[in-house]
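Shared between the two complexes below is subunit A, which pairs with subunit B and subunit C, respectively.
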Partner chain A sequence: MTKQVNMKIDGKDVSVPADWTVIKACHENSVEVPHYCYHPDLSIAGNCRICMVGVKGMPRPVVACAQPVAEGMEVSTTGKDVEEARKGVMEFLLINHPLDCPECDQSGECKLQDYSYEYGRDHGRFHEEKVRKSKATMGPHVKYWGSRCIVCTRCVRFTDEVSGEGELNVIYRGDRSEIALFPGKNLDNPLSMNTVDICPVGALVSSDFLFQSRVWHLHSNPSVCADCAVGCNSRVDMDAKNLIKRIVPRRNDAVNKSWMCDHGRLSFGYTHENRLQKPKVHGKDASWKEARAAALELLSAPHSVALVSAWNTNEAMSAMKEFLNTEFPSIRIFGYANKTEADQTFPGFTISGDKNPNRAGLKQVLGVDPEASIQALAAENAAIGTLFLVHNIPGFELTRELKAIMDRAQNVVLLDFASGELLRYGNVAVALPTLTSFEKSGTFVNRQGIAQSFEPVMEPVTYGMPETEIVAGLGTALRATRPATGVLA
Partner chain B sequence: MSAKPNRLSWITRIYIPMILKGMLITLREFFRKPVTIQYPEHKPKISERFRGEHRLTKDEQGHMKCVACYMCATACPAHCINIEAEAAPPDWEGRDKIPRVFEIDMLKCIYCGYCVEACPKEAIEMTNKVPKVHQTRQEFIYGMDKLLNN
Partner chain C sequence: MADATPFSPVILKHIHEPGSHTIEHYQARGGYETARNLVGTAEPASLVKIVEDSGLRGRGGAGFPTGKKWSFLAKGTGKPAYLAVNGDESEPGTFKDRYILEKDPHQLLEGVILTCWAIQSNHAFIYLRGEFILGYERLEAAVREAKAKGFIGKNIFGKNFDLKVVVMRGAGAYICGEETGMLSSIEGGRGYPKIKPPFPAVSGVFKCPTIVNNVETIAAVSHILKHGAAWHKQWGTEKSPGFKIFCLSGAVKNPGVYEVPLGITMREMIEVYGGGLIEGRTLKAVIPGGLSAPLLTPEMVDKCTLDYESLASLGSMLGSGGITVLHDGVDLMSAVYNTMRFYHHESCGQCTPCREGTGWLEKLAHKFHGGHAHSGDVDLVGEVAKNMRGRTICVLADAAAMPMQSYLQHFRGEFEKRTHEPAHVERLRTPRDEITPTAKRESVQHGAPNVVDVGMGMDRV
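Up next, the complex of A and B:
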């Protein structure tokens, strides 16, 4: 525990740790201080000069991001000096800015627009020619508009401190300075799109989202990324047609800080493409009622087993377990997982090689290790009556073990959201459409053991149901076939 | 409270003088310039400031001025403008973004002119052409080709 200091922010007494800066103390106490170059997860640069605050006893306003707190400090975030300083900074930042907001993807979420509205003046006084800077493609996902850049160096610090490759740097001096790649380098690291998020203006833009939509036409919902065991907190932006347009990270210091990998941002395509639209019985579209009846009939076959992937939510797994243990006690439950690679480690972030969002949850709920579990089942080598396969892994490459198990099964009851390889392979008698993690609620336990719940971000795009509802439906259908008991019996 | 209607005088009640008076007015109109016109053979004179069908304007190079900023679509109270953007061709000097699709649904449009006011590039304006009538709903959706040459 670091020492606390007592200080005053806008007349309010606060107590903050002694190693904080003034801007952090203000933000943590819900006092707005404008900032471009300051980022809570990057080092301090102090070059944008917009975060000016007044400190009692100091002759001029100081930059709040580089000023450490001190005992008895009295900070004011308003006042004539401060407002004039911010106004002046805004004017200088906009001198060479092209003001091409109509064409710029950032407009609507641009700090230059926000602060210009809040602190700037309503007209420009600069009549000379503006400096025009270069336009470049930084990497496969990032484009650079030099003229819009305010050289806050957030992106440079990000590539130095978090992704560690250091591809970017500032070249030239004064009003000509701009961001550029080192010769022979390309901004192609797996975290490159974070530079787009942290760019406070429209200088670095995503080439995948480029000109896709204006940001004020999107609506956003919080979610948790399912693409690896890190479980990055994300925000999903959708347009009016219920199409996912982009995914950006949400700050969570315990899990992903402010970052997220490019793969997690761009992999949402499986939600809109190649989906299993309706239940299928022996390859033909069927109603949910017919499909349920067919599934229940198959589940009562002797020597049936259930196989649940580590892409399922805790809720789905415990519903499966409860249902099967109660109604079909002879069915044993096994687990399996998507492929695992080596972790990709960067100085400030790690992309887990475990491409399953809920391996820990599988261990907690079903009490099995997925790899050991599927190998044990594969080693049994006995005939299987019905294989109850709860899949939900996008982009899955059929493994040898799973193929062997599916070959041994007389029938397969598949729960999956995709109409993919698995559906075409082997003898899938009943296929029940489920939903992707964007369309259902649930809980994933990440590799640190943190359970993270998420809500659906969008309306389902198919007739699929979440696994919990499918299981509930199966249970109800099963009980409905039994003779009634109770008062009327 | 019910008011009693005034009793008409006998001269009004026989109607004849009133009919004659009306016919006199009709007779007078025979010798005056008619106020109606034979539309559509004869077109009415329309004010220069009439808010009619839209037009997309072009710059000196003949490129459309629109930069697909969606300001008109955002301002439109009838939600009748549909825009899809794309990158501008590389030989368009100083241009980044242009519309791939720019459609106005003339059936939804209320001709308020907010799109013209919202446009930062003076790329959309209203002509004084009276909105046309078509056979199908599809024909009322004006695309870029129509709007650029309107």
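Up next, the complex of A and C:
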């Protein structure tokens, strides 16, 4: 543990580690210090000059982001000097800014707007012609509006320090400065959209979200990305029609810091497209009651097995295990997983090659390794009565292994949210619609072994149910067929 | 002190002799002997002590005591120490280092060798302004000559001490003359100044301890270590000992570089060395230390002596020693505009107040120059300059704001003379009923002529 120093922030005594900066000490003690270029997960640039605070004994305000804390330091985040300094910086930031908020994507979540309201002047004094800068397409997901840029260099530092490709830099000098790609480069690394998040203004915008919605029409809920074994903490933004508009990272130092990969942000389409809307029995829409009865009948077939994917939540797996062990003890449970590939490692982030959010959970709850488990089932090569397949993997490419197992089964009872290849393949007698991880609650255990629970971010868009409820329904339906027991009998 | 031996140039002594840039010429006048005697034998700390005792102050502009700076060099870091010699002389009105580089580069190299021994650095960078083609060629040739003689390279002077000297050229940016901006440029990046602290002496080029000194400072070091601290202190004032090269330009009869003891009067510099003002002109103002120094009015010039303290007490600075004399015929608004255009062009664009403020000041100065500034713009200029000062990583913002503030302070009348009431203000004062309906309709149909295009928004992606 590093040494602690005692200091005062706005008159309040605090004790902070000696290697912190003043801005960090302020933020950790819930004292607001405005900042553009400072980012907790990037190096210090100290160029925006808005984070100025007063330090007792210093002749003029200092930038809090570059000022190390010291024993006995007295910091004030208010006062005439500080307010004047911030007002001056706000004015400078806006003189060449186009003030095109009505058509800017950042509007509503823009630090320029926030701080202008908080610290700026009520009118402009700049009557000269503004500097015009270029617009550019930086990469497949990122566009650049030069005139809005305040050259905080967060994006430059991100590409240098986190994604590591270093595609971006500042070109030209003075108020002509703008962000540009190195010749022959393209901002197409798998982390490129983080530059959009960290851009404090509307200079770097997401081509995917561009003009899709005003941010004040969106409502947000926290979630956990299910796209790989990292389990990035995310925030899902939806519009009034409950359509997911974008996904952005939530900061979690233990898991994903402030970052998230582009794939994770953009792979929400499966929630709205190609869904299994209603239960199906032999390819025809059925009511839940009919489907439950059909499923229960099939499950009692001899030599049945259950196959549970590593995309299911701990809760789903646990419920499944409990139900099958109690009601159908002869059914053995196997696991399987989505494809895995090599990890993509960057200087400041790793995208897991394991495209399953809950491989660790599968091991914990069902006690099986998915690959070994499905291989063991494949190796048996005996006829299967009913295959109880709990799938829930979006964009799954049907493997030869799974095809062979489905071929061996007389009937398949499928739990999936998509009306995809799996549903059409083979002998799917009963299909029960489930929900995506955006519509249900649950827990995923990531590759570090951290169990992360999440709540539904939106109302279900189909008649599907979470696996736990499906299992509960099956159990109830099963017990309803038996003679009543107990005190009321 | 002033009654010591009459001063004759030290650093510039030989610049007019033909072949002064060659090693033969330099050795013929005893060159490299000091280095030969001291490197490998003298205790490095004793050399730092001599420079500290001599009171030599940095000649680049800030005037920080050189020996003190050397003593701040972080030791025991496990990293190599570097010397970076700043030859990016780009302060307008300054042209002293250029003479050293072009006419007497070996003198500089000897200073580099001695400094490197004193601070125990095996690697020196000499960073030159990109435009110094001749200086670069001569310095490169000098390094080659010194290398061939064994003064630079492995085991210099046969002693157990290696020294590598790298000559680098900038790409013509003023900001690369700022010490940390120069270090960024040496590292191969944009010439962005770095946040201090940490100071270069602790974490400089490539995050290693680095001493940054001006060309003239290093050239003076070779003389101080030859003659001793007391020799250096016989000239100058108590707090500004020694001699300094001044670059005299503007409305004087004999502009040029003059090496003089510190503490002579500004009048002496102008009248004696400069030969007085050009015929028929009187003095309007003097910019004493390069363009960024606040200017001096004639009354202040009378009180001014050429040392760090006197100029500081007058609210200006000795700076790089570039003295520019303005005569009474100079249009001050033209000078202001020219100054602001320079800083706008040269701001690196890193910090907000400088990036935006220099541009704004230029635009305002342009309005004053063209005579279409509004009356309120006079105060605005002052406020913009005030908002720029002391709010940035390096002092370029101050360098632009300080002259503007001093122009405004001393010549406010000239600013006010160039303002007028804007047309729209006059129109607003016109009673409403005097505006005819026809005129109204026309202005709607054809668009008001003074409507500025504010369509800065991007129309298409």
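Note that the second predicted complex is superposed on the first by the 486 of 489 C-alpha atoms of A that agree within 3 Å, B and C clash if a C-alpha of one lies under 4 Å from a C-alpha of the other, contacts with A are read in each partner's own complex, and residues count from 1 in each chain.
Here is the rule we use: a contact is a pair of C-beta atoms (placed from the backbone, for glycine too) under 8 Å apart; a residue touches a chain by one contact, two chains touch by 3 or more.
What you are looking at is a predicted structure, and each value in this text was computed from that prediction instead of being measured.
Chemist: Please work out whether A:G46 is in contact with subunit B alone, subunit C alone, both, or neither, and reply first, second, both or neither.
Modeler: A:G46 contacts subunit C only, not subunit B.
Chemist: Let me test your reading of the model: by the given contact rule, A:A301 touches which partner, first (subunit B), second (subunit C), both or neither?
Modeler: So A:A301 meets neither subunit B nor subunit C here.
Chemist: For A:H217, select first, second, both or neither according to whether it touches subunit B, subunit C, the two together, or no partner.
Modeler: It touches subunit B, and subunit C stays clear.
Chemist: Check whether A:D100 is in contact with subunit B, with subunit C, with both or with neither, and answer first, second, both or neither.
Modeler: The answer is both, since A:D100 touches subunit B and subunit C.
Chemist: Could you look at A:A472 and tell me whether it touches subunit B, subunit C, both or neither (first, second, both, neither)?
Modeler: neither
Chemist: See if subunit A has more residues touched by subunit B or by subunit C, and give me that chain.
Modeler: C
Chemist: First (subunit B), second (subunit C), both or neither: which does A:L243 touch?
Modeler: neither
Chemist: In the superposed arrangement, does A:A404 touch subunit B (first), subunit C (second), both or neither?
Modeler: The answer is neither, since A:A404 touches no partner chain.
Chemist: Just which bits of subunit A does subunit B share with subunit C as contact spots?
Modeler: In the superposed arrangement, which is not itself an observed complex, subunit A uses residues 100, 103, 145, 210 for both subunit B and subunit C.
Chemist: For a test of understanding, state which residues of subunit B touch subunit A in their complex under the given definition.
Modeler: 67-71, 74, 85-87, 95-97, 120-121
Chemist: Which of the residues in subunit C end up touching subunit A in this complex?
Modeler: It is residues 173, 175, 190, 195, 344-360, 363-364, 367, 380, 386-388, 390-393, 452, 456-458, 461 of subunit C that touch subunit A.
Chemist: Which of the residues in subunit A come into contact with subunit B in the complex?
Modeler: Checking each residue of subunit A against subunit B gives 100-103, 107, 145, 210-212, 214, 216-217.
Chemist: Provide the residue numbers of subunit A that touch subunit C in the complex, in ascending order.
Modeler: Subunit A residues touching subunit C: 44-50, 52, 59-61, 63, 66, 84-85, 88-89, 91-93, 95-96, 98-100, 103-104, 125-126, 128-132, 135, 137, 143, 145, 147, 150-151, 169-170, 172-177, 210.
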